[in-house]
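Order of writing sets the labels: A, B, C and D. Residues in every chain begin at 1.
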Amino acid sequence: MKNMKKTVVFAAAALACSAVLADEVRNYRAEAVAMMKRDFKAKGIATTDRLHEDGVQAVCNRSGDNPPKDIAVRLERDQLDAVKYPADGKLMGDWKAGEKLAQSGRGMTWSDKAGVPGGGNCYNCHQISPTETSFGTIGPSLYQFGKTRGSGPDMQKYVYGKIWNAKAFNLCSAMPRFGHANALNEQQIKNLVALLLDPQSPVNK
Amino acid sequence: MADPMKIRAQMKGDTAEIRVLMSHAMETGQRKDNTGATVPSHFIQSITVDVGGKRVIQGQTGTSVSRNPVFGFKVKGAKAGDKVIINWVDNKGDKRTDEATIAA
Amino acid sequence: MDALRRTLLKGAGATGAIAAAIAAGVLKPSQVLAAEWNRAAFDAKDVAGAVKGLGGAGAADHAGIVIKAPDIAENGAVVPVDVSSSIPNTVSLAVLVDKNPLPLSAAFDFANGALPEMALRLKLGQTSLVEVVARTADGKFYKAKKEVKVTVGGCGG
Amino acid sequence: MKQRLSTLLVAAMMSAAFAVHAQQPARKAAPPAKKDGITAEFEKFREVLEEDNPAELFEARGEDIWKNRKGPAGASMAQCDLGLGAGVVKGAYVQMPRYFADVAQVMDAERRIVHCMVKYLGYNEADIRKQPFSNVNKTPDHVSVITYVAAQSRNMKIAAPQKHPKEKEAYNIGKEIFAYRAGPYDFSCASCHGADGMRIRTQDLPNLRKPAEAIRAYQGWPGYRMTGGFMLTQQWRMNDCFRQQRFPEPSYLSDSITALLAYMTVTANGQVYKGPGIKR
């Protein structure tokens, strides 16, 4: 926590020197945020505090998702430090449950119910199993992920961490931070790790 | 009462192309509303098309036809100016008849 | 009584009494249609039953029947299908969706210059075979089919 | 606590620093997908679907309301000024959002039409807000009227004005809302609509920063939604995008949505409108 604070102060200070044009332009960004806070209302589980940026969002929003490298590296490290790995040390779950989870696009919208586990939303953006032809292209294809990259302990740890918090590896990644945001629980992430890495998973056939 | 159909009829060579849009729920009888109750089936069962005073098409339909149905037909030997009359009747006895004139 | 009325009545299995009523001008054709909706065919739960209900059991495959439909539907709720037959003297076309709870979608008779061709839009609950059965004036039946895939479309949430 | 503090710090010290950077195009997308089989297959049948669009049924309903409906005081939509003069419908749709002096506000088409239906035809705004969007049981009257008005701009060039300072302001604020990442999934509008060649599942996602793609999004709505078989509007599209963005709900006809629509429409300026649409 201290670490995070320090990094942000450092990051902000490092950037302050280029803040010259600031007052000459109208701050539409601030006006936009104020307008949204006025116009958006809580509905179901989607409360208005979701309109506040956290540190990572703030940096990415202000840099057009292209933050200076040194800042990105520091904030990524903070994010990685906060990844919670399973206490039992087991990172691979059940790929079949993972496939089912990957199919579901539910979770955390105002039409989703509190306490009902959300889906992985994976196929919305990624190609995964070859049998599913309806897949998005916002993220890279994950077909044959384990086959081409291996499925050893390091790879398992990387994949678990990536799903838990994608921003730990690429600060302004388009991918949600599923563990960090409590969108997926530990067992769900294990199952997704298995979908990508288990040699028995259709992904690696 | 049901909304009017939209009928387009146009000559292409010696053939009239007729397209019709119908306003109808085409309920399958399998859908559940948000209270969980089954919505009763309600769908068009019969369609007739008359061109220039002659019955050229009669058809029967079931619940697999999409909501707000669209049909296209071709009638050889029809002429610009001929009247096209289309009629449908659904399983509840609701019906609708509309007409159009074949454009050149 | 013109050709179309005859084929329809035959296809729908009209009783002699109704045919007589039409001939006598008591019933209008549209009333007959409503009365004579081919329940046996449309209520059949599988393709075989529906085709049998149409009187076309044992229809032979024929390349003269053309089915234009997407390989993958953008949305299973509205699948545009265009069917036609170049088999001489085709007087009727029926369209079926094999995986739907009630496969028979439409059965149309053509006469007085109407070409044996129609465009329509179908609901496909899942990936299915769209089957078309054509009937010729001499009462012979032919068929053809095409697979249409239905996939998950939106965000799924 | 940790998050809140860092947000404040970053916000205070960095907003100025990045004001310029923020104008740049956003992150690189995943490798721009070539037109694959699925997209190509859908496009083959788009023309067939668009040729006979059931939206026309709703257009006819809307035309009837526009031309024949009378309010309690005998007023009609002939008194409604959509920006080109009272009762003028032709071309009005593609020239909104615009500033309307009578309300001293920028309004998008839906907002203006609802405003007129309340003012002249006596519709109750609270009732409209109870069900602003169509569902399988009901397509509200204002949605049919919007469909009619939109259809009266078919084949015309988009020309959303940027003369009035409030119109420029709406555009600029809309552009910022478009890029604003927040919420549990860290999504902004741009997460899905900020780069070329992206798809959710099989659904194409136009890059709304480009005119030729912004027009595709613009003319999709009002559109006939094949799922369910009813008409949905741009206000609905924005609403449901924010739902999937995992944001709270934007109020119907709010400034934020008008601003976003101003950004999208102005980006599409000069392109020819081919709507109303038909969408999956």
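Here, contacts are C-beta pairs under 8 Å (C-beta built on N, C-alpha and C of every residue); 3 or more make two chains touch, one makes a residue touch a chain.
Worth saying up front: this structure is predicted, and the values here are computed from it rather than measured.
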Far-end chain from chain B, centres as C-alpha averages: A
Pair joined by the larger number of C-beta contacts - B-D, C-D: C-D
Whole-Å separation of chain centres (CA-atom averages), chain A against chain B: 50
CA centroid of chain B to CA centroid of chain D, Å: 32
Between chain C and chain D, centroid-to-centroid distance (C-alpha), Å: 40
Between chain B and chain C, centroid-to-centroid distance (C-alpha), Å: 15
Shared interface positions of chain B, touching two or more other chains: 19, 26, 66-67, 70, 72
Chain D: positions in contact with at least two other chains: 38, 200-203, 226, 228-229, 244
Interface hub residues of chain A, defined as touching at least two other chains: 109, 111, 123-124, 133-134
Set of all touching chain pairs, with the criterion as stated earlier: A-C, A-D, B-C, B-D, C-D
In the complex, chain A residues that touch chain C: 103-107, 109, 111-112, 119, 121, 123-124, 133-134
Footprint of chain C on chain B - complex, ascending: 15, 19, 26, 28, 30, 45-49, 51, 54-67, 69-78, 87, 89, 91, 93, 95
Residue ranges of chain D in contact with chain A within the complex: 2-7, 9-27, 29-31, 33, 38, 169, 172-177, 179-188, 191-192, 197-203, 205, 242-244, 246-251, 254-257, 259
Partner chain D, residues of chain A touching it in the complex: 1, 4-5, 8-9, 11-13, 15-16, 18-19, 21-23, 25-33, 35-36, 38-43, 46-48, 50-66, 108-111, 123-125, 133-140, 167, 172, 174, 176-177, 181-183
Chain D contact footprint on chain B (complex, rising order): 3-4, 6, 19, 21, 23, 25-26, 33, 66-68, 70, 72
